[in-house]
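Everything below concerns the one structure shown next.
When the chains are written out, they are named A, B, C, D and E in that same order, and each has its own residue count from 1.
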Amino acid sequence: MTVNYTDDVASRRGFGSFWKLMLKWRGSVYKMVWHDMLVFIFLYYFISLIYRFALPDDSRKTFESFVLHCARFRNLIPVSFVLGFFVSLVVNRWWGMYQSIPWPDTAAILVATHIPGQSAEAREARSNILRYINLTIALTFAKISPVVKAKYPTLNSFVMAGYLTEREMKILESLEDRVNVHKVWVPVLWACKALDHARRHELTTEGGQRVITAEFLAIRSKCGGLMGWHQYNIPLVYIQVVTVAVYSFFFFSLLGEQFLDPARGYANHLIDLYVPFFTLLQLFFYIGWIKVAEALLNPFGEDDNDFEFVPLLQRHIEMTRLLSEPSPSELPEYIQDDD
Amino acid sequence: MTVNYTDDVASRRGFGSFWKLMLKWRGSVYKMVWHDMLVFIFLYYFISLIYRFALPDDSRKTFESFVLHCARFRNLIPVSFVLGFFVSLVVNRWWGMYQSIPWPDTAAILVATHIPGQSAEAREARSNILRYINLTIALTFAKISPVVKAKYPTLNSFVMAGYLTEREMKILESLEDRVNVHKVWVPVLWACKALDHARRHELTTEGGQRVITAEFLAIRSKCGGLMGWHQYNIPLVYIQVVTVAVYSFFFFSLLGEQFLDPARGYANHLIDLYVPFFTLLQLFFYIGWIKVAEALLNPFGEDDNDFEFVPLLQRHIEMTRLLSEPSPSELPEYIQDDD
Amino acid sequence: MTVNYTDDVASRRGFGSFWKLMLKWRGSVYKMVWHDMLVFIFLYYFISLIYRFALPDDSRKTFESFVLHCARFRNLIPVSFVLGFFVSLVVNRWWGMYQSIPWPDTAAILVATHIPGQSAEAREARSNILRYINLTIALTFAKISPVVKAKYPTLNSFVMAGYLTEREMKILESLEDRVNVHKVWVPVLWACKALDHARRHELTTEGGQRVITAEFLAIRSKCGGLMGWHQYNIPLVYIQVVTVAVYSFFFFSLLGEQFLDPARGYANHLIDLYVPFFTLLQLFFYIGWIKVAEALLNPFGEDDNDFEFVPLLQRHIEMTRLLSEPSPSELPEYIQDDD
Amino acid sequence: MTVNYTDDVASRRGFGSFWKLMLKWRGSVYKMVWHDMLVFIFLYYFISLIYRFALPDDSRKTFESFVLHCARFRNLIPVSFVLGFFVSLVVNRWWGMYQSIPWPDTAAILVATHIPGQSAEAREARSNILRYINLTIALTFAKISPVVKAKYPTLNSFVMAGYLTEREMKILESLEDRVNVHKVWVPVLWACKALDHARRHELTTEGGQRVITAEFLAIRSKCGGLMGWHQYNIPLVYIQVVTVAVYSFFFFSLLGEQFLDPARGYANHLIDLYVPFFTLLQLFFYIGWIKVAEALLNPFGEDDNDFEFVPLLQRHIEMTRLLSEPSPSELPEYIQDDD
Amino acid sequence: MTVNYTDDVASRRGFGSFWKLMLKWRGSVYKMVWHDMLVFIFLYYFISLIYRFALPDDSRKTFESFVLHCARFRNLIPVSFVLGFFVSLVVNRWWGMYQSIPWPDTAAILVATHIPGQSAEAREARSNILRYINLTIALTFAKISPVVKAKYPTLNSFVMAGYLTEREMKILESLEDRVNVHKVWVPVLWACKALDHARRHELTTEGGQRVITAEFLAIRSKCGGLMGWHQYNIPLVYIQVVTVAVYSFFFFSLLGEQFLDPARGYANHLIDLYVPFFTLLQLFFYIGWIKVAEALLNPFGEDDNDFEFVPLLQRHIEMTRLLSEPSPSELPEYIQDDD
């Protein structure tokens, strides 16, 4: 589910509004990094205890050299640079995906405007046509989101939900046997054909048909766009490179950031704090940053930051009904007498 | 309220135009950072005084080691890098939001052009249709901006302001009971229906209806865009990561940037200036930078840099009236005799 | 005035083409930074002379510690990073502004094509309509550019320049008294009304009216865009942060980059060159970089890099006349007999 | 073939979803870097063994100085910076290319809607017109992708695949002799002419022709776009600069990262680990990063991350048939009786 | 001429595909940097020889201090950062320019479709109209590209090339005397007028005229865009700042990277290699990077990476002829009988 905090930061006062966001848990960095931090802390103290109590004195010397070696090289890994560019890319793609989500609202208003009237024929045309549009959107979502797929696993479940009639399901199934490519556009074709049908039965004009068809095809094109974002994600190799960089940084921190005996007089090892505050902060910070990418890379699941496709489908059905079936009594007086 | 300084920097001379902007207070960095700086200064001197006067000699040694430790690690936090990418993202989004703000001006000109005439019927059509458009914009603003919400808390307040008739409010209320989704598009539907009504009463042509409808739906689409920017803001986790990075940097600066007794001969501690000029500058600079993000992240409130939606609504009403109701006597002679 | 060097770098040979640009003065970095550099040099030598000749020996020691302190911390200010992101933002906005500038050329061609004929009526329609469009552009420019405002301070000056008739000015003035919002769109409304008038008098077709109106509204939308860029510039706080960062860097350089007596044996102070070549280069470089931003932030003035709105207005008038009033004798034979 | 891992990262739990991607081989960084790593390791140990066992003692001194020299300067090469900007550019272009890929789906739906009916004439019109569109797409792909070119090396192979009739091939061949420019747009011209033919035979309306022609030209424009991406790739000089930077970094690492005898007491050479963990990690990381660019720079081949044009062509044929030839029995009852 | 290497990197194997690009000369970094490198090497050894053989012993000491001073400060110049942002900007603009290049292909297909028939009148209309479009493109190219200007220095040369008739040239010349603004749009006006003429002579329909006019104006708008990119290039000051940064870096490298006598025991001067490998590599790398910018900043000349406008014009003429004048015998049988 989406985490909406925007209204908390609408206006700032005094120390600013970001403080208010620090204590949220859902969708927070705390929720995302605590597993990693726990493992890190466990391993860190495991090594630390061995160094402090278990190592014989001559091995300690070697261990210390090794720690100093790790400490120096660890900082050659350009973690912040890589993360900066990578997260920037992921955030841009995430927003691009959001903007590719199709909305049936405009289509519903157009259908209500250009196929007017309260005759049974007009009402049937409106409801069928918009049902096909919603069906295409639902089929698209089911292709890209495991959550929607789980809710609508079969064509039959779409029938249950009122997206399809039994007969239409049969058609889709028979096509499934005959053709290899996906059938998501078939309902768009139905909608366009039904619109043409409506025009030939004089339920709409040629101009009306033109603009509605254009809108339907725009929705289809957005659905296609969504599938493209889903199929051609950031190349695997890039993700692997970034993940290896970040986690190897912390792997070497396990050693390189051990506190050494101050008595040995190593540079930068003047004090033994027992708790590696800075390294934990870095861990929190860098791991948190990569989790931003992880959460946004595929926003089609059920993470705290993912788009909520299941409620969206429900909303689409209600919204198309609201906009396409205004009962005459629910129109302003001025236009009420039209239908 | 927006801070408009643009004309101050139109042309530069001599030392350049940015100097002129340094002394502004409204919307300035000074206004934004002084709380944080005050707290920092208080804590800094609190610690400093303890070190200078209260600590026994052996504890001072430990304190000094701790300070050196903090000083070294503090600089490993890549604050400028993170802020660079983050602020860049926030500024882009802020401008994207600005460009999603809907304007009714084009719609008003189109309505004035394509529904001409001074008959009572034509005048009523024009004013009703544009009222619905302004209503949709106002309802959208009320959804995203707490300031507009405060001004128009109920549907009744829209009736007061002349956006709605009593009867139309009743319709919206009855829909509210029946349907879950938001009702912001309903007035757009009314506008499109009213336009169709006008065409059927020959107040406009089919071509006129087509272009006006397209413009109305473009406005609806922009309103939808605004709601999208509002609902899917930058993921919370990203903001938390950045805030933690910046403030922990200053938390460790409280210790790491203490002046140590020069007599101790620590590297980089040759002088005791009492006032940590550089750290205060860094504080000013980094905190100022993150405040840029804070101010722009949600520009729907009442910060100095926020979009001013309440005056904007007033302006829309006046502008649509200006553009859609030209009295014949206020048209150039050449076209005056038309209406 | 714009500095056009593009043709100098069309083709490169030998040492490349950028060398040719190094010696230009207009719009150059030299012209922009010499004030700042002069002040810096003066202050630098003022301090230097005090250190070398006026300070008593014990104060010199303190001064030297202070210099070393400044030298170290100066480099912690991430000037290049901040400038990189900031200038990047400013350059993008500058280009966005350029692309928002409206051009009446397409409108003129459309008017010439769709309102053909040499009748007095057609000629009057063409010239009035395009005059209104040019007027809207001129009013927009006067709102955003102090230079245009200076040239056309009152409505009367627009009458002088032939943009307005006396009577039209009266209309605008009477609207000014009555309505608060700006009147820049009113001439667009007139143009659309006049076009409708022309269609009703069969000077153009319905199709012609549609495309011309669409173009007019596109011009209006670009004018609105320009005003938006003007009103919502980069938040003041961001500019202040950047300016403070860059100039405080040089303030501390005044001290931190002083040459210390090599005899004292301070690290990195092996030689006394008297002239701080590197610091001057840095000054030249960073101040030059921030001046890029300063020059582009508001390109509506009269800096060397600003858009030249006054000649542009003159050009628009000539161009619309050239394109909309082809005398039949100046058309190719093939189409000459049409009008 | 594309590597699709998106569904693996739909929802994250516990340690996050990126771990699941670490073990994939196809399209992975491991598959891409192992050649380079093997060569590096071989050369590294070759030099190491010479240093350890073959060098006379006085040469070892010189060798060690050389190693220290390399170690210092190696780090002055800004590899991560260059790669950050370069990969960012390549990824943006890769996505731009993806979005330029033409899809015939919308065209097919439009043809099915606006050229309705089951008459032989209508069926022939539909299938011919869409065949031409698919042909243009196939010819474009053959121009940019060596893989498609290998599958369809001659015009005859397009005849085999059903894209062309024998006679049409003859026409293209005769044009080939006469005209120098490519012939990829000729089938689009045929499609537009055939559409005009269909309108004149009343198989479609003028409005239908208009929207279908617009869609065909949009497809042509996308094909032209693809050819542009292909022809004007990132300038060669940029790629050479980046490649030289990255590989010279590792060339100098071969020397600079050799372990020196700890007994010599060189700074940062406290320990001899035999295996240069960090350098291998850097190699893995930087070489992996440049391979991201290599894989995406020209996505028209047959790399793991390339677009799969051959299956795409097959898909297009099936999809256009599915969408343009709905058998009446496969339409919902509601519109079944139309054709 | 463009350097097309794309097919070399279509599919990668083994060590990757970038290696294949390393040995190219045309458009390569080698071709671009060798002048600069030669000068650098000459100066470097000139200084080196003076230091080694000519300097008296006491001056050597001063020289060495100076070298150490330069070496330290040289690295404070943020060359890679500045170049990263600058090249990024230049590459974006270069691609923006490419995408602004107008193509007459779509216009030709539209003309062939909507002005059908083999009558002398139709043929004349088609050829005249497209000639005007090609003329506008040619005039635009002549304005921005010195290469095209050199090929078509006068209006007469356009007559020679078949773009203009004698009479049309006279018209343009007479306009030249009378009007100050450029005349590039005049042929677009002619094309639109001629199209209107064709419609009135029933060679095309109103719908046909509308879409063709829209395409012509889109081409005009792209031509205007090209002129904008040409006139408002990156501000001179930015280029100067970057050039000064890069070349002063190398100027100081001449001194700072001299090998000092290892016997003196300076830090980081342990070895005298005689050849400054790293500095040459840096030179190669940074100069190469700035040359990327130099080559792309104005792609209208005749550099290896520039757009080839002269062949493009030839291609446009052939392509418009191919697409607009299909001889009936060169159409598929199916539509052959139409014309």
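Heads up, the rule we're going with is that a contact is a pair of C-beta atoms (placed from the backbone, for glycine too) under 8 Å apart; a residue touches a chain by one contact, two chains touch by 3 or more.
The model shown is predicted, which means the values in this text are computed figures rather than measured ones.
The chains that touch chain B as well as chain E are C. Inter-chain spacing, taken between the CA centroids of chain D and chain E, is 24 Å. Looking at chain B, one finds that residues 32, 81, 84, 88, 291, 295 touch two or more other chains.
With chains as nodes and touching pairs as edges, the resulting graph is a single ring in which every chain has exactly two contacts.
One full turn of the ring, starting with chain A and passing chain B second, gives A, B, C, E, D. Chain contact summary for the complex, chain D toward chain E: residues 32, 35-36, 39, 62, 65-66, 68-69, 72-73, 76-78, 81-82, 84-85, 88-89, 124, 128, 144-147, 165, 167-168, 171, 174-175, 179-181, 183, 185-186, 188-190, 192-197, 200, 206, 210, 213-214, 217, 220-221, 224, 228, 230-241, 243-245, 248, 252, 290-291, 294-295, 297-298, 300-303, 306. Interface residues of chain A facing chain B in the complex, by the touch rule stated above, are 2-7, 9-12, 14-19, 21-22, 24, 27-30, 32, 75, 80-81, 84, 87-88, 91, 95, 98-99, 103, 105-106, 109-110, 112-114, 116, 205, 207, 211, 262, 268, 270-271, 273, 278, 281-282, 284-285, 288-289, 291-292, 295-296, 305, 307, 315, 318-319, 321-323, 326, 330-335, 338.
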